[in-house]
Amino acid sequence: ASKSASTDSTATSKETVKIGVLHSLSGTMAISEVSLKDAVQMAVDEINAKGGVLGKQIEPVIVDPASDWDLFAEKAKELLIDKKVSAVFGCWTSVSRKSVLPVFEQNNGLLFYPVQYEGEECSNSVIYTGATPNQQLIPAAEYLMSEKGGGYKKFYLLGTDYVFPRTANKILKAYLLSKGIPKENIIEEYTPFHHQDYQTIISKIKRFAADGKACILSTINGDSNVPFYKEFANQGLSAATCPIMAFSVAEDELRSMDTEFLVGHLAAWNYFQSNDLPENKKFVDDFKAFCAKKGLPGGDKRVTDDPICWAYTGVYLWAKAAEKAGSFDVSKVRNALYSLEFNSPDGLVKMDARNHHLAKPVVIGEIKPDGQFDILWKSEGLVDPQPWSPLTSPDKDCDWVNHNGTYAKK
Amino acid sequence: MLLTVNNLSVSFGGVHALNLDHFSVGEKELRVIIGPNGAGKSTLLDIICGKTRADSGEVTFKGKQILGKNEVTIAEMGIGRKFQKPSIFPELTVYDNLLLAVKTKKDIFSTLFFRVTPAIADRIHSVAMRLQLNGVMYKLAGALAHGQKQWLEIAIVMLQDPTLMLIDEPAAGMSDEETEKTGGLLLELAKTHSIIVIEHDMKFIEQIANNLVTVLVRGKRLMEGTFDEVKNDQRVIDCYLGRSNAQLETL
Amino acid sequence: MNHAYTAPILSVNQLVAAYGQSTILRGTTLSMQKGAITTVMGRNGVGKTTLLKTIMGLLPVQEGTITFNNQDITKIPSHKKAKIGIAYVPQGREIIPKLSVYENLQLGLIAHADKNAKLPEEEIYHLFPILKDFRKRAGGNLSGGQQQQLAIARALVSNPTLLLLDEPTEGIQPSIAQEIGSILQKLVKEKGLSVLLVEQKIDFATQVTDHYYFMDRGKMVMDGGAEELNHKALEKYISV
Amino acid sequence: MKTNNSSLYYILFIAIFAILLPAGHLSGFLSINTISIWGRYFCFAIAALGIDLIWGYTGILSMCQAFFFCLGSYGIAMHLVLQKTALPDFMVWNKITTLPFFWQPFNSFSLTVILCMLIPAALAFLIGFVLFKSRIKGVYMAIITQALTLAMWLIFLRNETNLGGTNGLTDFKTLLGFDLANTQVKLALYFISFTVLCLAYMACHRITRSKFGKVLQAIRDSESRVSYTAYHTVNFKLAVFVVAALLAAVGGMLYLPQTGIITPGRMDVKASVEMVMWVALGGRGNLKGAVIGALLVNFLYSVCTSWFPDSWLFILGFLFVITVLYFDKGLIGLVTTLRARIGNLYLKTAQTTN
Amino acid sequence: MKNSLKFGWILLLLLVAMASRAQDSSSLYVAQLLHPQSDSVRTHAIGRLVALRIPATFPLLMAINDKKLYLLDNQAITIDGKPSDEEKYRLHRVYPDTRPLHNSSGDPLLLSLSQLKTVDIPRADRLLLLPIAPLFNLYSPDAQKRIQAYGQLTDLQDPQVQKILADVVSKETDYNALRIGKESLYAIQLHTAKNEATAKAYIDSIARNWSDNASALLTAYGSGKAFNTNTANYAIEKAKQLESKYDNLQRIQNLFSGLSLGSILILIALGLSIVYGLAGVINMAHGEFMMIGAYTTYCIQMLFSRGYGDWFFIISLPLSFIVAGLMGLILERLVIRHLYSKPLESLLATWGISLILVQTARLIFGDLTAVKTPQLLAGGWQAAPHLTLPYNRIFIIALTAVMVLLTYLMLFKTKLGLQIRAVTQNRQMSACLGVETRRIAAVTFFIGSGLAGLAGCAITLIGNVVPDMGQTYIVDSFLVVVTGGVGKLAGTIVSGLGIGFFTKISEAFFQAVYGKVFILLFIMLFMQYKPKGLFPDKGRIAEE
């Protein structure tokens, strides 16, 4: 509420349109989600400064679902029913999204979801600006198997035990098997949330990687990463002997980390801060300036990363769609979103013509000592989203234009 | 015999606290146990009531072995205990303390649907009256003075109406008059119950010891006899009563 | 005896103290001479223990004053009282249960005026031989009487000028009770110790005391020299 | 005087929740969302009653009430999922073709209700039996039950358990044919929760006032003395433990349809500690306190996370600290002291004027 | 004879010619590498350099592999590992020779990274170096790296490799490296051995040496290249022995992991059990004091970001103790002091405080942060050829041992400890005996919270620093306190180690998640058997 007051003051007389911001500001997920709230806030400020949407100033309603999945549902109801917001920007974990999903569907809301996820979902009420599996996982595996990427033959799929890693690894495994990697060269392992002690697992990895040609596909989440990488280095492994390809480690996580032992490891995303498009340079500078101005922790040392980029882009997509539709009405905005193009910090991206996902480039980067990524590989053009992975659900597809959401392919 | 103890041995970390060859108490007998501090008197009662485990030996009550049984079973068989250090329910009122003690069915359903009958109320009040607790009936038991707690605990044991009462130092912290009253009370109770009393107050013992007195020393039974025999036994004087027992002299 | 001419070591004046709402001491007054044993007697629950607790600072004084050695100690915290030479043997012993006997005794040294004082082990074990055998045993595992002996020994270790004893013979075997009596008298004579004794057993009291007070419902109702202390004198109060 | 006080509480309580709130909704002041939220708080309050019984009255700090709560919720959730599809989506996705055996009974509503209470009760009996038999007490009990909850949480998080893993169960449509999104249904659920809360309160009230309740308090004071007085303390402890588990489960059952999601997050360490905190804040050993604590803490949680998203933790944190420092017996104690103060003041002024 | 001499001459000439040609071409390729016309040229150049394997280019290749290749005045240079206090590095030329760069006055030249031009070699190209990485790493100034390199050498048949190896071994200075280098030589000699006795001797040497691929090497030798079955069997036998030795080492590694996990738990539980003993409550904010310690370390690292090497960590050890201790002291003064006789209330209050502390940290520091590992504690101790014991873990074990010892001495050998224990058990009586209970309580809280802070500082070595990091360990450490028996130092130690070992052992059999569940259930069952912890009080004192 305090935040909305400050944005109000810039345009007091004008009418406003409310949007909800549903990111955890406390609890375990706050680590990741606070930055997304900041990104949304920045996008809102920018749009407001340019005159708002359809002549209205955007008024963000910020609530704290506190990493509590039940509270996510409650807050979603509150935003949609009591606060009557036109769109909601929020969620990080799959479970939080699943928790609010029925609320959005029942109350005809619109959720912009900015994080890479496991797919297998095709809701009419969610706009997925993060990656689908084929926009992140598959290219990464493909790259590692390629000559250029090192021609790795053995894969250790390591993740935190929840839905995204499980699904991701299922898809990865299917992909690897389809590429002729023998079963015994793929190991799957999960650790509990907040796992801190990776000694045993690293020992296993060491043995697995003793003959070279092994790499790790990591979906380790959040605060488990630091102990993992530290132990990895301390037991004498390195990126040269066995690189780690991470799907959940981005610049924001690396920001204040001791990157010495991370250098050379890899990550696959759709966006890196080191992207040298002029749009991105501006975005990065603006974000730093924004954080410094607002006195947010980290100030001008803040960095951008993939989810931040898509959280920010989400607001613009919504604004653009509303302008195009000439209305804030959810179904009109939704229709206007199909095939909508937007010049994001990551270059031109495009909403899918049939479902609510975003087509965007895929990039693979290598960690540098300053916590940024060297871009090693970039997809040619945009990669279309596949909410249902053909590897695990070959018979399904998602289409809201010609079909009613998920349908069975012939 | 109501209670028989044979070859009982207990040690704590290698130190023998009790090494009792034989000890028995009959129906409606009031037995006094004396002995120097640390002789093992309280330990003996602890074993009888199931608080402490014995190393070896046997204890039979009403002909049944009770070693190894838990304290509830033993209590149900009819043994009630008053501890040396007052043990009551400090956060309940005196009345509730007494109510819980009254001998009735004590399983879950009976307690759940329990109603105070006039008979029970009378019993509680008469016991409270005799132990001068009627004035503090609705005080929290924790707020009683030391002597009152002693009485409350005696009252609890009385209301339990056990066959055998184990009373550890009832006169401690009581004035002479109160001690005497307690003695009278015990004598009266002894008409209907078996009682084992531990005390150091010789005057009190003289009052109540109408039967045998057992002397324990270092965990062993030194002797058993009438009060006079015990009082005049040189060994007892040496290790317990002291050279010239002033207390007795004055009598 | 001629008490009027020596300054009292401890004087309690119109003391009022309460547990929460219930007032127990209602204007208790007491004065005791240096180098003497003063006994407070009274039925159960009249407030004897409460009086000692209040003197020791465990219970706040609501009204009245306590003076020790011409020093007003009404509002001084317990640990300071211990340091200026008041030692306390409470009812219920209050042994620190998980400390060994030896450690319990060492704790007594904390209040000793001399910081480097050593434990007078010889003397203690001479008085209470049983403690010697049990040096290493946890205090809480001792028998009741043994604990009482330990509590008294612990109080004596600090070399106090005033000793507060709450029914010290409770639970102690007759021979040792007797000995405690003579030890007290000896300490009073030799070291000028003053003792405030709470006791219910008239026999013990008459044996050791120099002066007695009789307490009822939070007030002193009678006092006098040792020679006046006998059953008859007290009868009328006791039968109330 | 005493009865007067209590009845004042009751009248206020009923007036607010049975009349004022629904009326507010019907006249359009309050959204159905608000009503539902209060309905959920009632469910917490029901569980809190159980915690008060086991902890407040019997002195056994059980940290696994959140687990029992979840069992109730999961049971109903399984039923609701089966109402929607024959095979839950996540099973389809996990390539499971037939419904696992333990899901089968949840096709029937009556069986579901029975199982929702039977399973927690049986588990509580088992856990309680094992723990109480071996005389585990105090912190040991608290930490062991916490460990148990933690273990269960980890297990429920797994996909292999076929309970939806981290995502839990969500997206329910109908209950006994009623549309859960329907306002009327929501209002009905609110009233059911309210009624159950009242009934549970009355039952607990009865229990604590009976001799049984006295035994519980005596166990809290000195368990060994109770044993020497010939009560089988283990049975008594076991009985309240089961009752508390039942109350938690019932709370969980009513909670689910009003919330629309159940995940293992409801029984993580934080959640299980929080449940105890409601009772502690409200006033331990006092049934009214437990209810007030549960309602108030959750209300503040909801409100503050919306109004003060950045600083609500401070507010809640300080509330805890201040309650402890200044109010002896929780919030309910505050009320009594305040009343006493006011009474005193009144008396004093009366005296001085005389 | 003459012929052979002649042949030798020709061979020598040929070799020299080849070498000089190689030298020439290497400078060409190096030039191409540093200033490529196109990516493919660079890739080709690297490919050639890899194929040529000229020692003179090795420092350059090493710099590429480490991503530390820079240009300064068109010279290919690299930086020394550790920066100076002003983040400046010493520089070395890497081609055509290696020598340190000096400034005009003859002092070592110090420059910061921004003053150098980075030579970007794409990962794909760098990966080309992988096959010969062991070869050029033989020239590394870092002995540890050389040791690794020896172990990783392949194609030992190759005469060029043999030559380089012999050359390097002859110049080897480090004892361990020398041993391993020599034994790599044995491997070559084994393959050229012509009779059973020598072959067996070399097999023995190799087995004794036990480099990374010793068993693979022996197995390979035994199953193919051995010249008679006797030696073959002997080699295979030895290989098997090595394998089982390896398994044993794995067991040791597991034990070490258990020990290290156990020490962490003990370190946290130490403060917890002291404070628990005093206040008689579950101190819900204990984890947050840990967090304070960790953030103190983080802040000090920030202050020291201009260098001073490991000093920041050395200083943060006592400081994190003091800062967390002081916070504990403040908390005790403001809140806990009023709650000593009310265990329940302190539970609530500390919970509230933990909420406040977490949110405060979140507002001040934001999100995920981590502390740099001090140089001294980076990497691990190669205890045996296949056993790396990370220094940071060794340090934590040592720290825990020291803290346990100090705590023991403090509690049981000092007057303070005596008073603490007395106050813990009976406040009122302690006061009557002259113990300043308030001061003692404050000191105890200070020590307890300080120990938590210290634990937090130590944990930065292995994990990250986040506002709610306290919650991660808190249940586990409570379990340690409880299984050990509340207030029992020895119990805490034994149970901490026990839980550590059991966790690690179970993790070897189950996945981590089930390992954890298993250990929790195991503890529950254990408590059946010991309901008051490992070291329960015996006798009457046990009853309260």
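Chains: A, B, C, D and E, in written order; residue numbering restarts at 1 for each.
Everything below uses one rule, namely that contacts are C-beta pairs under 8 Å (C-beta built on N, C-alpha and C of every residue); 3 or more make two chains touch, one makes a residue touch a chain.
What you see is a predicted model; the values in this text were computed from it and never measured.
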item	value
Neighbouring chains shared between subunit B and subunit E, ordered by label	C, D
Reaching subunit C from subunit A through chains that touch each other, fewest steps	2
Chain with minimal offset from the mean of all protein Cα atoms	D
Higher-contact pair (C-beta pairs counted), D-E versus B-D	D-E
Between subunit A and subunit D, centroid-to-centroid distance (C-alpha), Å	36
Chain centre separation (subunit B, subunit C; CA means) in Å	28
Cα-centroid distance, subunit A relative to subunit E, in whole angstrom	31
Approximate Å spacing (C-alpha centroids) for the pair subunit C, subunit E	62
For subunit B, residues contacting two or more additional chains	12
Subunit A residues counted as touching two or more neighbouring chains	26-27, 161, 192
Contacts with two or more other chains, residues of subunit C listed in rising order	141
Touching chain combinations (by label order)	A-D, A-E, B-C, B-D, B-E, C-E, D-E
Complex contact set, residues of subunit D against subunit E	130-131, 134-137, 139-140, 142-144, 146-148, 150-151, 154-155, 157-158, 224, 269-270, 273, 277, 280-281, 284, 310-311, 313-314, 316-321, 323-325
Complex contacts: residues of subunit E adjacent to subunit D	276, 282, 284, 335, 338-339, 342, 344-349, 351-356, 358-360, 363, 471, 474-475, 478-479, 481-482, 486, 513, 516-517, 520-521, 523-524, 527-529, 531-533, 543
List of subunit B residues in touch with subunit D within their complex	49, 51, 70-72, 75-76, 80-81, 87-92, 96, 99-101, 106-108, 111-114, 156, 160
Of all residues in subunit B, those that touch subunit E in their complex	12-13
Complex interface listing, subunit E residues touching subunit B	538-539
